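Input: one structure, supplied below.
Order as written gives the chain letters A, B and C; numbering starts at 1 within each chain.
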Amino acid sequence: MSEMTFNLRVWRQANSESSGRLVDYTAERISEHMSFLEMLDIVNDKIILEGDDPIAYDFDCREGICGSCGIVINGVPHGPNPGTTSCQLFMRHFKADETITIEPWRAKSFPLIKDLVVDRSSFDRIIATGGYISCNTGAAPEANNTPIPKDIADEAFDAAACIGCGACVAACKNASAVLFVGAKLQHLALMPQGQAERDRRALRMVDQMEAEGFGACSNEGECEAVCPKEISTKHIARLNRDYMRAAVKQALRP
Amino acid sequence: MNALTRILNSPVGRKVTMAVSGLLLLGFLVAHLTGNMLILVSKETFNHYGHTLISNPMIYLAEAGLLGLFVMHFTTGLYLTRKNRAARPQAYERNERAGYASRKTLASTTMIFSGLVVLVFVPLHIWGFKFGAYYESAEPGVRDLHRLVIETFQQPAWVIWYVAVMTIVGFHLWHGFGSGFESLGLSYRKGLRRFGQFLAVVIAGGFLLIPVLIYMIGDKL
Amino acid sequence: MILDGQVPGGPIADKWSKHKSDMSLVNPANRRKYDVIVVGTGLAGASAAASLGEMGYNVKAFTILDSPRRAHSIAAQGGINAAKNYKNDGDSVHRLFYDTVKGGDYRARESNVHRLAELSVNIIDQAAAQGVPFAREYGGMLDNRSFGGAQVSRTFYARGQTGQQLLIGAYQAMMRQVDSGQVKLFTRREMLDLVVVDGKARGIIARNLLNGELEHYAAHAVLLCTGGYGNVYFLSTNAGNSNVSAGWRCAKRGALFANPCYTQIHPTCIPESGEYQAKLTLMSESLRNDGRVWVPQKDGDNRPPELIPENERDFFLERKYPSFGNLVPRDVASRNVKEACDAGRGVGLTGRAVYLDFADSVRRLGSDVIADRYGNLFDMYYKITNENPYEVPMKIYPAIHYTMGGTWVDYHLMSSVPGLFVLGEANFSDHGANRLGASALMQGLADGYFVIPATLPNYLANETFGDAPTHSDPFKEARNSVQSRIETLSMINGSRTVLEFHRELGGIMWNQVGMARNEAGLKDALVKVRELREQYWQDVKVVGHTEDLNKQLEFGLRVADYMEFSELLIRDALARRESCGGHFREEYQTEEGEAKRDDENFSYVAAWETHGNDREPELHKEQLSFENVEVKMRSYK
């Protein structure tokens, strides 16, 4: 088994108040089968034994579904592979002795907590304003009473596949969250159950997105390119349509 | 806050404002280019076209409308740019294009700069032609705009300036057209984006062809 | 202590509905006077928080992660069972009940399982109404598939991410209550102790993971929805942050812990590629439908698989189990894989893997058919291993992925500490000694959406609550004990990292308390684990500040709890001198090598009362009786 060495430049920042900088580390004896996060574990073990504070980063499932991990690797969120989270990126995709720059998601609405850990609770607050179908437990009708054509269900699923990692925001030059919000809106707007609250949902979620300080969309599609679930920007176009429709309807209401 | 201001001040509303004003201005450019092409037909046709335009009383309304669109487009654009920059207070140390599905281009990342160039260009352009030297044509009351155009574009500095600006306008349209339609939620399809890029080349190419032709063979026009 | 499961009387099919109408209620106007703490926001926690919030209780929901939507329920792939009988293939509540009791190897409480089967149909209705994008047929009706060898198609699914879609449904319902103010959400908080006042669970001590502050929260009831303890094995398919600490801390406060030795092993996981590995990834066991499991016949045969001729390969499952072949149940397959590797015939870099070969199926069916069936799994495998399973055989190895044991609860899901309720994987109740595929999601949601909203009011309405302010002595005492644990740990400043210790503990557990156990190995493991625990408290190195985001400290505390908990798991495995479900004792097997239950002596729930590290835990038994299913022996020959 061949072992590789990498030169890491890692963003270290003690907390949101202090200023951060890139710090150089050497990752030694790295196997091509290691995941990116396992490589960081090895670097951290060395840092710990030297008595220093290890690099803080978020992770949980390590199988690409929880959306916890999020690292900008060589200038691209989640690194060079399409449809991949940071935890599912393997070191075989890097050249031995390569210099790898490692940074956190950077956005005003994702305040930095420490090193590579950021606060993405703005996403949860957007969901709280309307990202649901209101149906109290026990109030549900028999599931097959509402048939949903397979293609519609499949399309709703494509939107619902979002794991809320925030890579779309991290990649966008405007730190815009419209792909996230668009996907969330379309997941529910495509299905018959979601119609009753469709307008209210679009208005409230977009307003909250604005209040959180995310930027506007420039239609560059970087978000789709880095999305681990490859969610299409068509959901952004649909968000625009849904929002305008809802806003005009609201304006015309006597 | 009334409903209309709410719509216009929303993030979607602002993008729709950009898209609608931008696409209407693009429509104006198509009309403008068609008119300009008349210079290749004959001196009289071109001058008559100009005369018909300015002697129509509706011209003031049209000019006001154009000015309104222009102001709307650049003020919203400047506002959004400031806001977008504020959304990422700290820049990445290293930032790369993601590739794959990304449509990020030199054109898309420089919209504000290409837009600012146009913002400088338009007053100069109006000052140079609309309020430029007044030559009387053979026909009484009809301005000889043809002569002014030919004289201007026989000076290399003007030609270079116009060629440069029109190329930049092309860049602006390259991203702007498709992006406008996406903002309107009308289409996210590849074909429309391609058509926009084609249009950008045609419009920029058409506009810069005229000064180049005049510089090269102006005495024959 | 005599353990009373509080199971209501009457015929099994009527128990729940009758009991629901007998239980006490809390008047809608009074509900806002009750505070409820929900720890964990996976399927069980999020669904409970949402439902209780909708009813009008004041809910405080806690998660160790940065968002409730990331809880490890999200990683469940396969599906969720429900006795809807949409396929008209003879399914019924009774059949789902029967299958689950049998699948659990007759070590679950009948009444709980029947209630689970009854509620399964309501879960699907609820989830569909929330907009969960289940797979559909062309006619728009919900699609079902057969899963894990079930004879009926009762599994509802959403591509390969049923867990994520159901969790998003529950999370969204909970966020709606956050918006309305009924649920207050506390993210990046880790429960480190339970506060018991006058014998009742009245609050928790949680560490704010952002700044290290120890916070007190008081309530009238505490709901533990904190998942399983698979990570005691270090390598498992669980998420990195999954841990047993909340459950273990409650055990130390008096909550009995039941059947810890029931751990489930999944045979088709991607093997580890080196000792740095942080987790194992599970692949659907449907792969065994078309893949053939084999190892080289010769020990240490290092040739690449394509160079090993057919007659030098040992298709050991087909050889030993001619009628079931590669489709023997999870535990049988896993044990045989381990045996082959222990005998030195394992393959791959570490020798801890066997081949799962699709070459015959590709030849027989064509690669298109195989791609259609397993395309996404093959892609996932390729992404992780960089090997193309269409061309070279997959390598697989078993891994821990679910734990059936958990905090002991009665029929109302209440632990032996009044006011402490335990839901989902964290309790022991429904799966017996072994869990069937696609029933983990079902149990988490049944507990959260339907059981707790009915049983919690009964507790609240029948209790009188004294004041339990957060500045009272029990809160101070709990806080101080957490504080001193944190200080002790951070001051050791030894020479080995938390990760190293966790890895070593996992090694002992996996090798001696894994899928095949014996008395000598267990006794030896007990000694080793104790030694390791002593070393841990002398030699671990936890760096960084305690008042800061400090993942080393978080993991250090969790591993410290695993060091204690593992001992209980081993003791339970020692005490259960029979084989059943996920617990296989080599001494107790049939001549064919099958698990041999001892219904005469071991048809009970082993609920352990802890007495600190210096005294042995005390075993309490809840006898199990089976009145509605016939107890049988399984056979796969």
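Methods note: contacts are C-beta pairs under 8 Å (C-beta built on N, C-alpha and C of every residue); 3 or more make two chains touch, one makes a residue touch a chain.
Remember, predicted model here, so these are calculated numbers, not experimental data.
Q: If you average the Cα atoms per chain, which one ends up farthest from chain A?
A: Farthest by centroid: B.
Q: Report the chain ID whose CA centroid sits closest to the centroid of the full protein CA set.
A: Taking the mean of C-alpha atoms per chain, the most central one is A.
Q: Centroid from C-alpha atoms only, then distance chain A to chain C, rounded to Å. What do you get?
A: Inter-chain centre distance comes to 27 Å.
Q: Quick check: how many Å separate the C-alpha centres of chain A and chain B?
A: Whole-Å distance between the two chain centres: 37.
Q: Centroid of chain B to centroid of chain C, CA atoms only: how many Å?
A: The separation of the two C-alpha centroids amounts to 63 Å.
Q: Would you pull the chain A residues touching chain C in the complex into a rising list?
A: Residue positions touching the partner: 1, 15, 31-35, 37-38, 41-42, 45, 48-49, 51-54, 56, 58-63, 65-68, 84, 88, 90, 92, 113-114, 117, 119-121, 123-124, 127-144, 146-150, 153-154, 156-157, 160-161, 163-164, 187-188, 191, 193-194.
Q: Taking the touch rule as given, give the residues of chain C at its contact with chain A in the complex, in rising order.
A: Touch list, chain C to chain A: 47, 50-51, 54, 65-72, 74-75, 84, 86, 122, 124-131, 133-142, 158-159, 161, 163-165, 168, 171-173, 175-176, 178-179, 185, 187, 210, 237, 239-241, 273-274, 276-279, 281, 349, 383-386, 449-450, 453, 495, 497, 499-500, 541, 543-544, 548-549, 551-552.
Q: Mind pulling up the chain B residues that touch chain A in the complex?
A: Per the stated touch rule, the residues are 3-4, 6-7, 10-16, 80, 83-84, 86-104, 108-109, 111, 175, 178-179, 182-188.
Q: Under the definition above, what is the set of chain A residues touching chain B in their complex?
A: Touch list, chain A to chain B: 9, 11, 22, 72, 74-77, 82, 101, 103, 106-109, 171, 173-176, 178, 206-207, 209-210, 213-222, 224-226, 230, 232-234, 236-244, 247-248, 250-251.
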